[in-house]
Structure formats: structure tokens, C-alpha cells
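Lettered A, B, C, D, E and F in written order, each chain numbered from 1.
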Amino acid sequence: MSGRAGSDRSILAEEMTSAEFEKRAKAKPLVIVPFGSLEEHGSHLPLCTDAFQAEEVAVRVAEKLGAIVLPTIKYGECRSTRNFPGTISLSSKTVRHLAFDIVSELARNGIDKVMILTGHAGTGHMAALREGALKALEKDKRLKIMVLSDYDIAYGLLGKEFPKADGHGGEIETSRIMNIRPELVRSSRPVGRTRAPEYMLLPNPEKYFPTGIIGDSRRATAAKGKKLDDYIVRELCELVSVNFGIGQSR
Amino acid sequence: MSGRAGSDRSILAEEMTSAEFEKRAKAKPLVIVPFGSLEEHGSHLPLCTDAFQAEEVAVRVAEKLGAIVLPTIKYGECRSTRNFPGTISLSSKTVRHLAFDIVSELARNGIDKVMILTGHAGTGHMAALREGALKALEKDKRLKIMVLSDYDIAYGLLGKEFPKADGHGGEIETSRIMNIRPELVRSSRPVGRTRAPEYMLLPNPEKYFPTGIIGDSRRATAAKGKKLDDYIVRELCELVSVNFGIGQSR
Amino acid sequence: MSGRAGSDRSILAEEMTSAEFEKRAKAKPLVIVPFGSLEEHGSHLPLCTDAFQAEEVAVRVAEKLGAIVLPTIKYGECRSTRNFPGTISLSSKTVRHLAFDIVSELARNGIDKVMILTGHAGTGHMAALREGALKALEKDKRLKIMVLSDYDIAYGLLGKEFPKADGHGGEIETSRIMNIRPELVRSSRPVGRTRAPEYMLLPNPEKYFPTGIIGDSRRATAAKGKKLDDYIVRELCELVSVNFGIGQSR
Amino acid sequence: MSGRAGSDRSILAEEMTSAEFEKRAKAKPLVIVPFGSLEEHGSHLPLCTDAFQAEEVAVRVAEKLGAIVLPTIKYGECRSTRNFPGTISLSSKTVRHLAFDIVSELARNGIDKVMILTGHAGTGHMAALREGALKALEKDKRLKIMVLSDYDIAYGLLGKEFPKADGHGGEIETSRIMNIRPELVRSSRPVGRTRAPEYMLLPNPEKYFPTGIIGDSRRATAAKGKKLDDYIVRELCELVSVNFGIGQSR
Amino acid sequence: MSGRAGSDRSILAEEMTSAEFEKRAKAKPLVIVPFGSLEEHGSHLPLCTDAFQAEEVAVRVAEKLGAIVLPTIKYGECRSTRNFPGTISLSSKTVRHLAFDIVSELARNGIDKVMILTGHAGTGHMAALREGALKALEKDKRLKIMVLSDYDIAYGLLGKEFPKADGHGGEIETSRIMNIRPELVRSSRPVGRTRAPEYMLLPNPEKYFPTGIIGDSRRATAAKGKKLDDYIVRELCELVSVNFGIGQSR
Amino acid sequence: MSGRAGSDRSILAEEMTSAEFEKRAKAKPLVIVPFGSLEEHGSHLPLCTDAFQAEEVAVRVAEKLGAIVLPTIKYGECRSTRNFPGTISLSSKTVRHLAFDIVSELARNGIDKVMILTGHAGTGHMAALREGALKALEKDKRLKIMVLSDYDIAYGLLGKEFPKADGHGGEIETSRIMNIRPELVRSSRPVGRTRAPEYMLLPNPEKYFPTGIIGDSRRATAAKGKKLDDYIVRELCELVSVNFGIGQSR
């Protein structure tokens, strides 16, 4: 996977053979489906920032728990950044269908524990993932499906270790990419806030955060990123333990 | 990208910033959208075989022609392998929507030259890509869109340098993965043929090629794979030159 | 409207004639579209609890701001209560289409300020309302649309005047119905909490809150309900003032 | 319900609790789903005229037969009035989905006798209700579903007690609203006829009945309205008796 | 066309060349699109009875008025006969799409006068035709579209020259096929009536007319059929004259 | 059927009664569903050229094998000719629904052997037929379905008895219509080739073959057409024998 040293046939479905996948599936492992987005992330971060983060923690969780990681879908439904250059937004419908198809096919393969982990945490995007997965659940009620963003966890630290107003492309996100893909972080350190009117659907959301980010990327460090990633991985493992009854295998 | 030594911010959209993408887009470059599949490929090849090949030649073509490569969609619509373990098939509808959304969003970004390059060459999958792209074309008639598989080119060599009956997971495909991702090719070398009844829609296509491959993978070598990849890259560059009027930049 | 003393042809679209609506529309007023749900609300509250609340505050806001109120849609998409008796859940698709159709038709009538106010605040339901309304916005970019639940406001008081764990059918909701429709509140006062696993899609969410409510309805009073409704009305008026530039007319 | 003196928890689902609905459902009662429209009805009648009528007779039939009445959907698909001010027309698709969802959910609740009673009798609207309900029937063949308009009955009197050419907003409809919601009938008494070309789909149907009504509203009286409503209630009870084998309970 | 002596390149689009169609289209002629059904029609009539009738009168009207006739779609949405052997019913959705596509494509060809003439007069089928055509009209408001069944006209004679209770496969329909395709009328002459409960959606409508017909086919004669067809042709020509301003050309 | 001397109630479903169809269906015969298109075919051939050919060979195969032929659908999805006058192209979606509905209904009738035979061989059209039929197969796995074009067979002769570059409206197609419907072949004999850029989706495909045909129609003769039709019928019978185990009955 991008940014990672090597390959690991025991984790990445894309590198397994059919028979290897079949053998692994028999043990009823957790399967993680990482989602990201291809969207504007300020003047300093790459378009696939969200995918890099989801993939990183997905693989680390999988290493700890003996899970399988499917290939990352590096596209998502983007609303507030949808008019910026470089954003390639899927429609909600497409995201719903992707989630439905992938979870349904995992069920066909005998998998019953699925985590959809999305680095992109837009509410429309996440609603689409949940709706698609829910439809697959209606078809096969034995499925246990978890849908969340690593930012559901990271943003639990807002108002504590990080400023309340941190968000898209801000201190947390910049720190994490400095940890995961340092070579992709440019030298600029933009600062931005949003004053988007509350609860409004906007034809031009970009107008309300002209730097394309929310927060202060100047405060970001790779060390903070590492701490964040470690924290997210621990919390995800804890959630998997509670929700699926799967403990750490290594 | 998987299997490639490093990153290249001048080629991979996922590594560009919004502003960098915007600047590149102004020059009206070709944008390549690689598609693959997550599907059974015999006892020796990984599930994402198709994606690895499409991504490899996409990046090489982009290096030569100054094109941009979008993140690979590593899933496709799989018919003949759809009942094998490890196959995660999308529905045709999902593939159509993906192609439509991505091409439409490229058009919104001012891109007018698009190549959808799919390593998976199933007829249903390719028809879905074409239909989705065609719908985007109807919305924006300035678009020039090319939809093909690298196997449209490779299979031009069947009956010449390669046996007529080579196909899914066979000599050509094995050779190419031996060239691109040698560490992922297992030691087995299956042989298979298909006697699927012609023109029939089958509930159990896997019955007709029990080894999951078509051809003789024992004849595969990395050298043949290299030659094939070079040939495909040359042919793709030639097609781009004829169809889009873009010559080699480096 | 149900539970309200009389009718008011200057507020309720359902009571206006075509010509009266046309005349009002020329002044570019705010139009409020109340949504609710028909779903289980504990042993003490009626199925349409959500609709009664949304309708109540919609009419009161309209009285203050000279807005028009459309007929309440008393059905919504219900996830966590979907297996309880009495719940009649719409699919997300239906809710999307309703929001799209109604907002599009308001635009056809020359209306450019719309508030979708939903008493039911399920995330899937609200995502569907937003997606439908957003599609209408894409068709007519002059629209200004606000989508929110009165519970987006009420729940701002959790952890302050009300316990953190209050929710569906709990202290706040019971108090409000005691204020609005006291004759419909039964004598039981259930208590409940949820221990639903976080982020999980569940085939049987009802299992995790067997009393069908979250919070302590014993703490509810009509006086608290009145205070809550007054507070919500004030906050909504403030939001309308900021978002649409409409001040109080009376 | 609008225009009715009080509430009746034994009839209106919106006022029942979950447990009360469950208990009632066990007796396999008829459930009536009233539909209306929000559409132009001349210079004298309110936009929700159709909903008021359907709701009125639904409740009266329910009182007689021990049926349950769901909340009225006050929107419908409007064709001939779709360009008039104040009309908020749903698409056929939305009406189909509404009918499907609601009937399906009633079936989930163990209900097997459903009457969709629509005050708006447009052919497209009624076809959509039938198609949606039919799809629910295909899913659950135990359902018995009746789909009709109170105007299917009222118009049986055309050419008898009422002029042949009476229709939308005319003598019958005005009389009924004078009976049901007299305070909402304005003082004007428009007269209109239609000369719409037969069988034509028209982009501008409003051109063919400029007063927005068909018939002579001057002939309307509350007494005629009362007689009509009584007649419709009797006929509906008779149809329920024949079709569902349910006799009058009070 | 089936049952007709020869071909006529000036009438049947299927026999025209592209250039001939183009030349004809320039004169803005009426284009007739005949629809039928493949469905049970008693023990004496063929499955495509409806198509034969629509095609016959379409061609005769075209001869008189210089209209173009498109190829007959010999399938329709069948509800009451849908469980009989031999019925091949389309879904409403398919019929809607067919009507939309064909009318849209006629508009692309510069045609502005369209008559959809269906021999099958099921209400769901006709609603689907109208809805599809209406959607095409919304796309191109210059279109004038007429949607009707020849039975809208023939059934105007019920209670006059023919018994009130005549219907599907009865005296009128049998007479017309005896006129148009006598070799296809078998020797049996079934009699049937329906006592289907009014307004009910039925899982088993066939139960209510076990002979599969409504009316008395013993009363049918070819002479009556000829008179009926002549009458329908005259009435259709009159309607075309009124609705489209097209007089008889020969 | 058009162009054929008489009718044959033992072959054509449209001429059978319900009971006759039922009796035939019990013997589990092959059912052939012919598809065509209404599209430009040069200055010499009629718009329904494709339908005439499919229908001709379908009936001849049915005569030999005791199969049933459904009414021809004379419309298809046309891409390269879609901007020519006279082309009435269906959308892919419509073609998918048609194939799904018809095959599903055949399954309901107890039929388990279906051949969709299309005279129009556009890749999008054929993909749509396959996708629709495949969906019917997923619903009823007992179905055996064959989807092909008579041109899948005829084009096996390209580079052999016919020039490699023959195609739409060319030598083969002209010869066949000269055999089947000689009265419909005009006196012009156009010649054309295509230089459409490979793999490109084109907004204006007609630009690349201005005569609307590919090949040399001057070389066409009725004798060649007869030979071709005989050959196709033989090959189809052979395929049916292999795929369905049905031998020649006469």
C-alpha cells in the first residue's frame, strides 16, 4: 500500500490468492474496508490525505487483531470541498452502492464481521456508507457491521489536547500525515476557520473557508501525529474487542 | 502506488495538492483512471492482479506523456469468477456510477482528455465503464474519452507470440505479474482451459474452469512479462497520440 | 393543525387559497416544512410525538417571522425503533424524494428561503432530508435551504439543564409533549438507557433499549416543556435572522 | 386532526402509543391511509381541500367500523393544476414509494387489511398509489388492499343529483368543504369548465380551465355537502363490508 | 405488418430508409406508436390480440392522414391477466421507459406530433405510457402528445350497441379480430363475467374471471368487427383533426 | 410476421391462445426472443433491417427445432447511428428491463430454455440484454439462457468469404435483406468505411462513416444472402443442440 514499506500477504486481501483468502475466511476474521476521498486538503496536504490515514490505521489494527484489509476506496462523497480544484466527489448513490456491494460480497464469502473505516468523515458520505451497509445487513442478518471514521475517535480529543476549532486539514490531520507520509507534506502551513452559517445547505461552501482548511496547521508535528495514530489504533482495537469479541492476536 | 518504488507528485493525483492539480489541469493533460478487480486469479496470482497491471502501465504511460493518474479503483464487476472465494464483485450499476461520477468530476475540473484503463476486461465490466463514461459525455460534449483494457492490446498477440487459448491467469497475465510484483507470484503454476458453452449465461461459470485460470502459467517468465508491458506501454502511447494528439514529453 | 386551537390562514399553506399563496410568495417569505415520524415513543407518548413538536415550534416561529408553514409530513425514516410495534418507517429513498419534490416545487412557486424542520432527528432520516434538498439546490442555485431538527437545539442543553443521557422519549421529549398535547401523555413514566454498541449497524436495535426510551421520563414536567419550547422558538428565530436576514414581524 | 373537534386515541394512530397500536393490530382491524394534495382549488377553496375530505370520511368510517386511521399524507401528484400557484406536486415516483413503504410497514405490524383513501383523484396519482401498494402486495401476498378515492363514489352521482360537468373545485367539492371546514371557504363562487383537448398530454393544462375549477360552485351548500359526506361514508362502509368482511361495530 | 397484405414504405417507419424518414419528418407529420400486449385472451383469441387491433387502426388512420407508424411494441403491463399462461407482462417501469425513450427520440428527429395508441387498455399500463410520455414532454415542451387506447373509443359504445358488461376478450374484441385476423380466431366462443371486488388489488385476479374473458363472445361477428374498426378509425381521425389540426390527406 | 408468407400458430407465440401456449410450455421447448433496432442502415436498407434478419432466422430455427418465437422487439440501443435521422434508440436501461421482464415472465410460465437473438449487435445493446437476462437468472437459477446476435455467427466469415472490413449495412447485411425482404432494398449501393478512432467514446460517431454504412454493398446478392441465412440457421441449430440438448424435430 502507498507509503508503507512492504507488502503483507497475511493482511492485504489484494495480495492474497483465492485459496488463501478462503482459508482465512474460514476463521471468521474481521475484515476492514478503508474508504478515503480525493479532495482538496489545503495548500500543504495531498488530495488523498483521508485515504492515507484510514489505510494506515486499518493495517495497524489488522496487524494487532489478525484482520484482513480490503483495498482502499480512495474516493468519497465530498460536500464542503466539492467546488475546489482537485476534488473528485462521488454521488451519495455511488457510495451507497459501493458499501452495499462490498459488504454483500464479503457475506457471500462467509465473512460476518465487517468494519467500514473511512478517513473522510463528511456526514453525507458516512450516511451513504451506513445506508449501503444496512441494506446488506437486511439481506443477511448474521452480519455484524461497524461503520465509523478514525475522526470519530480523533475528534474526541478536541477541546482537550487539541483546539476545539480544529478540523479539515488542520493541526490533527497535518500531524498525522507528517507521521504517515512526511514526504507529501508541503512547506506551507495554512490557517483557517469557518464561519459557515449553521444548518444551511450551501451552493458555495468553499466561500466560507477560503484557505480550504479549518484549524492551525502551524501547530502540527510528526510527533503529535504519531501519538494520534497510536491512540486511534488503541481505541479501534478496544472497540473491536467490545463489538466483535476479538482480542489482540499479536 | 503498490509495488512501485516511490511516489511521484507530478503523476499521481493522490499525492498532489489542490493547487498543484489545478495548475496541471490548466495545461489540459490526459488523465488516466485505472480500474482493476478483486477476484480469483488461480492458485499462483493475487486477487488484485488486474489492478496491479493497469496501474503499472498507467503510470508508465503517464511518465512518458505527462499525464495524470487518478487512484486505482481496485474493484470491478466480475462474472465468470463471481462464485470463487476472494472475489468481491461490484454490480454493473455501481461500476456505471463510478465511471460517470469520476469522468463528470474531471470535466468539472476542466479536464477534457480521459482514458479509463481497466486491467479487468470482462465484457459486462467494460460495458458498464463505457456506459457510465458515455453518460458523462452526454452532459459535457467537449470531453474526449477513451475506454479500454490493457488486455485489448495484449490479446492482440494471441495466436502470434502466445497461444490462442491463453486467458485469465494464464501465460500472459502470470508473466506480467512476475515482472511487476514478482514477490506476489506463488510457486504453483496451474494450467486450465475453458469449455464453457458459447453465448450461455451461466449460474455456475466456475464449473467450466475448475483451476480458475485459462492457459498455461508454466510458460510464464518475468522476461516475457517485461516485453509485454513495454509493448503495451508503447501501443497505449501510440493510441493516445492518434486519439488525443498528445506526443511524448520525456 | 392537531392540538392547536384554531386555524390561521396567514400561516398554514393548507388553509390558503392559490391566490393567497401566490400573493404571499411574492414577498419572498420563509417557508417551513415540518417533518416528523410515526414511531414508538415509549409507553407514555404517542406515535407522532416528533411531528407534534416540529409542528408546534414551526407555527410559533412562523407567527413571529411571518413565515408560511407547509403541511407536516408525519412519517420519517426510523432506524433504532424500526422493529417496534407502531413504527411505520419510510425508506431513505422516499424521504430523499419527498424533500427534493417539495423544495423543488417551492422554488417553482418563487420561494427562495426554505427551512426543513424535523422533529425526528435520526441520522439516516436527516441525511436523507439534506440529500434531497441539496439536489433541489443543484437545480436552482438561488435557493437558501436550512435543514435541522428542533433536537439539534434542545440537545444543546444536555449536560447543562438536562442529564447528558437524555434522549428518545426521555425527560425533554416528555416535557415538551406535556406542554403541547398534555391529553396524549399516558400515566406511565418509563426510564431507560441504551448500551447499544458504538458505531454498530444492528439488526435488532430494540434489544438495546427495551423500554423504548432513553432517559428518565419521571423528571418531566409541562413547565419544563414550555421553557424548552420557548427556548427552541427563540433559537430558531435567531438562526433565521442570521441565515436568511429575516427579523421578527410581530 | 384539522377541523375536527378533538382527538380520539382509539382511531388515530398518531395518538396511540406503541403498545396500544400493537394491541389493536392483534385484532386485525382495517387500517385507512388518507392521502390528499396541496394544490390549487379555485379562488374559494383552500389548497388542502382534498386532504380535508379524505380525512373526514376516513375518520367517520373508522368510527363506524373500528378501523385505525394513519396520519394523512397531504401531498399528491398533481398534473392538471401543476403550474398554478400554491400547488406542491410530488412526482409519481415519490407517491409510489410512499404507498409501498407505508403498506409494507403495516404488513410488518401484522396488519392485513388496508384502505388507501385519497381525496385527490388524479389518474397519475391514483396509478402511483396502486402501483406502490401492488408492489407491497407482491412482497406479502396475505395483504388485502383497497385503493380508491372518495370521488370514485361522489362522481357516481354526476348526471344524477349533480351536473355531469361538475369536477375539481365545483359544486360537490365546494359543498363538502362547506360542511367540513366552513370557515375555510371564501366568499367568491367561481364557475368554470374545461375544454382541454381529449387524451392530450399538455405542457400547460391550466390554460384550459382559467378559473382553476370545473363546475359551478355557486350551487354549493353545506347541506348538500353533509348529504354527500353521509352518502360516501355509507358507501365506503358497504364496500369494506363486501371486500373485507368487516361489519359496523358501533 | 402481421395480418396485412403488403408493406407500405410511405407509412411504416420500419420499411423507410434513414433519408426517407428524414424527408418525411420535415413535413412535421403525426407519428403513431402502437402498443399491445402478449396476454391471455380467452380460449378463442390469440395472445397478441391487443397489438393486432392497435396496429390495424394505426395503419388505417395513417393512410388517411399521411401519418407515420412506428413498429408496434407487442408487450405491455398486464395486471388482471398476469397469472394466466401465456401472459408476458412488462413492469410499469419498463413501459414508462419505453414511452419516454421513443417519444424523446421522435423529438430528436424533429417530430412534434405523437400519438401513442395502445390496444391494451389496462389502467396501470396506460398510466405508465402517459407518465413516460409526460417526462419526454417536460424535456421538450414543443411536443404535442396524445395517449389513448382504441378501447377508449370502442367502449363508448357500451350500453348502446353493445352490452354494458362487455370487456376483455368479449363481443367487441372478438368481432374485431374476426375482421382483422379471422384465421386466428378459434372455434370456441367463451362467455364470462367478472365479480372482482371493486377497488381491490388482488394477488389472484384470474380467480374472478375463470374463462379469462368478460362478455359474450358468441355474439361476435366479423361484420360487427368491421363496423367497429371503421368507427374507431373515423373517431381517431376526428380527434387528430381537433387535437393536431391535421386533416385527411387522401 | 413481416416479410413472411403466412402465420404459424405452432411457432409464433403471438398467434397462440393462452391454453395452446400452456400446453406447449409443458414440453419445455426453447423460446426465442428476437430483438432488432430501428436505426439508420444506409441509403438502400430499411430502418428495421436488424429486426427482419433476427426474425427470419428465429422462425427458421424454430421450425427446425420445435421452438416458440416471441414477438420481435424492433427497437434497440443504438450508439454509432444514434445521431442519424430515423434512428429511435432505447436507453441501455430500457433494454435491460425488457430482457429482465421477458425472461422472468417466461420463467413464470415454466419455460427454462431461452435464446435472446438480436439482429442488432452493438456492444452496449448486447451488454444490456445480457445484464437484464442475468438478473432474471439470479432470480431463477434453473434458467438456461443464451444471448447472441446472428452477426456473432455471420462475422465469423469475415476475412474468409467476405472482406474483413464488412459491417453495418455492408455486403453481408445487404445480401441478407435482398434474400429476406427484396422489395425493401433500394437501388442505391453505397460504399463506406470507418476510421473511427479506436476505443474512443464519440459525441458524433456519424462523422466517421458519412455514408452510414461499413463495407461495399455493391457486392451484395440475394444468393449470398440466402447462403448466409442458411449458414446462420445451421449454426444456430448446432449451438442449440450443444447448449440445450435439443435436436431437430423436423
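Methods note: contacts are C-beta pairs under 8 Å (C-beta built on N, C-alpha and C of every residue); 3 or more make two chains touch, one makes a residue touch a chain.
Just so we're clear, the structure is a prediction, and the values are computed from it rather than from any experiment.
Trainee: If you walk from chain to touching chain, how few steps can bring you from chain C to chain E?
Mentor: 2
Trainee: Quick one: compare the interface residues of chain C with those of chain D and tell me same or different, with half as the dividing line.
Mentor: Same: when the shared numbers are divided by all numbers used, the fraction is over half.
Trainee: Averaging only over C-alpha atoms, locate the centres of chain C and chain F and give their separation in whole Å.
Mentor: Averaging C-alpha atoms per chain gives centres 56 Å apart.
Trainee: On a C-alpha centroid basis, what's the spacing between chain B and chain E, in Å?
Mentor: One centre to the other, that is 49 Å.
Trainee: Take the average of all CA coordinates in chain D, do the same for chain E, and state the distance between these two points in whole angstrom.
Mentor: Comparing mean C-alpha positions, chain E is 31 Å from chain D.
Trainee: Could you tell me which residues belong to chain E and also touch two or more other chains?
Mentor: none
Trainee: Quick check of your reading of the touch definition: is the inter-chain graph here a line, ring, star, complete or other?
Mentor: It is a ring, because the chains touch in a row that closes back on itself.
Trainee: Listed in ring order from chain B, and going the way that reaches chain F first, which chains are there?
Mentor: The ring, traversed starting at chain B in the chain F direction, is B, F, E, D, C, A.
Trainee: Mind pulling up the chain A residues that touch chain B in the complex?
Mentor: Within the complex, chain A touches chain B at residues 1-3, 7, 9, 13-22, 25, 38, 40-48, 51, 70-71, 73-75, 84-91, 93-94, 97-98, 101-102, 105-106, 109, 183-184, 186, 212.
Trainee: Mind listing the chain F positions that touch chain B in their complex?
Mentor: Residues in contact with chain B: 79, 92, 123-124, 127-128, 130-131, 133-134, 137-138, 141, 143-148, 152, 197-201, 203, 239, 242-243.
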